[in-house]
Amino acid sequence: MIYILSFPAAFLLVIVFLLPLFRYSWLSIHASSVITGLEVIPNNGANWFRLFNDERFWTDYMQTLRFAVSSVSVELILAILIALLLNHRVRSKDLVRALTLLPWALPTTVMALGWRWIFNTPYGPIEQIFKFLKLEPINILSDPNLAWISTVIGDVWKTTPFIALIILAGLQTIPDDLYEAFRLEGGKPKQAFFRITLPLLKPYITIAVLFRLAQAFGVFDLIQVMTGGGPAGSTESVALYSYLNAMRYLDFGYSSTIMIASFILLMFACVVCWFIIYNSKRLFQKSKL
Amino acid sequence: MTLVLTKLGRYIGNSWIINDLSFEVKKGECLALLGPSGCGKSSTLRLIAGLDKPTKGSIFINKKNITDVSPVERRISMVFQSYALFPHLSVAGNLSIGLKIRGASDSEITRRVTSTLALMQIQDLAHRKPSELSGGQRQRVALARALLRDPLVYLLDEPMSNLDAQLREELRPELRRLIFHGEQPIVYVTHDQQEAMAMATKIAVLNNGKLEQIGTSKELYKTPNSLFVANFIGRPQINILSPRDGAYLGIRPEDIYFSETGISGKLIYTEWQGDKQLLIFDTARGKLRMLCNGDINVPDSCHLSWSKGKEHHFDKNTGCRINPQ
Amino acid sequence: MNNTRNYLCLILIWSLAPIFWQAYTSFCTPEALIYPLKNISNRWTLENYTLLLSSNPSFLRYLLNSTIVGISTTFLTLLLAIPAAYSISKIKPIIAGWVRLFLLSAALFPYVLLFLSLLEIARALNIGNNLFALSIPYSALNMPLALLLLSSSFKDLPIDLEEAARLEGLNLWQRLRWILIPLIAPATASTSILIFIFSWNEYPIALTWISKTELLTLPVAISRIAGSSVYSVPYGAYAAATVLGSIPLLLIVIIFQKQIVSGLTKGAVKG
């Protein structure tokens, strides 16, 4: 009967996580906007037809995917390097770890604002450095082809510590004698990394990548504050688009459709990603060693 | 005071982990539950303590059926193998928490905790945390907590298995001094037959959740009821010779002696144990273990014999003892 | 070894330079920002901060609001999560696997997708513009992680301890109160810190639930500042805002880094 103890928490979880999914599914087959006077009226799947033909949605989807995949892969590589470094015996390791963790702990909006100033033209430091080196200023935030890179930089800066921490935890579970045994077998340090470290880190990498992929896919704070989705919509994410539909255009039916669709597409992306990591051993062995 | 189990059984998953277990522990008696790991001895203890519910059968303390009584109301003290000391409480806190919960007055708590600490000679440790104690000290605290309970029955679950051999021997007399003189029946779980023989007045050998035999250590050694008990009790292990006339023949290594009229054997192994030595011979009836005086120089081949009266016979199919007519 | 140290310095520069730049900017006069390399007499100023603190409402108000939300969320989450985690730790292994899978997917879920439905709930119950009400969705969003962390640390406790307590006569509530909850204190501490940081930083839900200026939480207040005049220069006041908004977290990270690290890694490893 102790299961009664979990009812309040379970109730809250159902209200906040499951109820919205049903509500969105239901709203997505109804019209509910300023045009209908916010009444909820069935519209025979018109939202879904609109979604399939909505170029802005699919552009946003690809942009979101571009953002998520590039930031997570950069983060993963950086994080592995940082974790390997921190795994060495270093003096004042705790302090170093705390300081590298700092970007993760700061509110996204705070540093999104900070990055906007760093990339500012003509007064930001990046611009100043370019000027100092007598290079052509690049004006990254207002170039539709480059602006997304600035958002990736912001995201990499903020969330690399999180992945690094998880990978570091993974590294610390690998006993030293494995490496010693490998060395006695005549293995080189580089081989040890690919033959021992990476395979044993796989569960940690999987969880970190899946988690980060899901979060990056829902990117909202960073983009809303840093670029507002601009310039020319070149950094707009699906979450931001759905937000604009609900809060600016007051079209709740279509906003819900976008959310359900992005949820399905995200699950699809996660399954693909999990599949890649799961089969990475075979892919890996084909390509190396 | 008595503890009685009648036809106790516990069914888990798809098997009986304890089946048809009945025994009685009388006033002041200490019963050792002995058996290999997984035989159900700890499960039996948990049933007596009330931590688990039996599927069938009943438990009586002082003739009162307590099968459906909650653990607290059974008034039982249990010493856990891990000691189960609360790591966030001091030694005194560990001793007093039960009293506090049961609503004893502050003065009574102080009086009883102090006297128990004194009895165990651990007054100095009262304010230490369990993590600051040595293994032996933790054991004493666990015992003190059990004593303080003033129970109707003591249950001890491998209380010394976490200690090193020397400490164990030191603690045995201490343990007996403290709790083995009272009125309460004691059930003592162990897998170590030496310890069982040292501590218990009676030993119950369990195998696969069933009681194989119950009796004094002498009875178990002299007249084992089954092949299992014969194999389990006595070190070095009894020799079991291949069946003849539908019965296994068992003969203890210490009952074998050299004799020109016996069967011939070739010495294949010696293990010197100080005053004794263990010899293993290859004979026509299989390998024979023999325990003899440590000073003898044993030739490579000799003749071995034993007296008819020392033989044990066990049924070939059931493994049960067959008493000679 | 020397190489390691150089690389570590590089990492630290990468992590800290943007923050230092904000701090530097916040003490600069507009002239200093426009002509960073020229030699100007009035380079340093505290005006950015005085401006921020004397505005109406004062910037400190937002810090206070975020603190209120953070503390009440932490409290509410623990209140619900501790008993639930205890009962989860007692579930049979097969069902527990499914519960964990559910919790893990909920923890992975990009919660920003939930904001519309949550906004509807807030409107229906008329609990928008209420800092304490904000802790209801927050604690739900933190619940999966809290349950995973706490239930695994309940499970890690030796079963003997609870049984010894049962034999001593402690009922369920007393066992939780006197034995089990004190013993999982380390896990509770790291969970609390993570919850607090999340609630302090949360943006989309606060953005949609809170519209009254004096109730804004810090992240929303910052974004309003950012939105007010996108291309205006100089940046000093904004930088001062980011610095003020970062200081509490800087302290938390330095003081509680052990708890944060153990919470994050256990959350990932156990899940």
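By letter and in written order, the chains are A, B and C; residue numbering begins at 1 in each of them.
Rule of thumb we're sticking to: a contact is a pair of C-beta atoms (placed from the backbone, for glycine too) under 8 Å apart; a residue touches a chain by one contact, two chains touch by 3 or more.
Computed from a prediction, not measured in an experiment: that's the story for all the values here.
Tell me the shape of the graph of touching chains, choosing from line, ring, star, complete and other.
line
Using C-alpha centroids, which chain lies at the maximum separation from subunit B?
Checked the centroid distances; the maximum from subunit B is A.
Compute the distance, rounded to whole Å, between the mean C-alpha positions of subunit B and subunit C.
Spacing between the chain centres: roughly 55 Å.
Where the centres are mean C-alpha positions, what is the separation of subunit A from subunit B, in Å?
Chain centroid spacing, subunit A to subunit B, equals 60 Å.
Between subunit A and subunit C, what is the separation of their C-alpha centroids in Å?
For subunit A versus subunit C, the centre distance works out to 18 Å.
Among the residues of subunit B, pick out those that touch two or more other chains and give their numbers.
Touching at least two other chains: none.
So in the complex, which bits of subunit B are touching subunit C?
Per the stated touch rule, the residues are 49, 51, 71-72, 76-78, 80-84, 86-88, 97-98, 101-102, 149.
Under the stated contact criterion, what part of subunit C meets subunit B in this complex?
158, 160-161, 163-170, 174, 178-179, 182-183, 185
List the residues on subunit C that touch subunit A in their complex, please.
Subunit C residues touching subunit A: 1, 4-5, 7-8, 11-12, 14-16, 18-19, 21-22, 25, 33-34, 36-37, 80-81, 83-84, 86-88, 90-91, 106-121, 136-137, 139-141, 143-144, 147, 172, 197, 200-201, 203-204, 208, 218-220, 222-223, 225-227, 230, 233-235, 238-239, 241-242, 245-246, 249-250, 252-254, 257-258, 260-261, 264-265, 268-269, 271.
Using the touch rule from the top, collect the residues of subunit A that touch subunit C in their complex.
Touch list, subunit A to subunit C: 2-10, 12-13, 15-17, 19-20, 23-24, 81-82, 85-86, 88, 90, 94, 96-103, 105-118, 120, 123, 125, 128, 132, 157, 161-162, 165-166, 168-170, 204, 207-208, 210-211, 214-215, 217-218, 220-221, 224-225, 228, 239, 242-243, 246-247, 252, 255-256, 259, 262-263, 266, 270.
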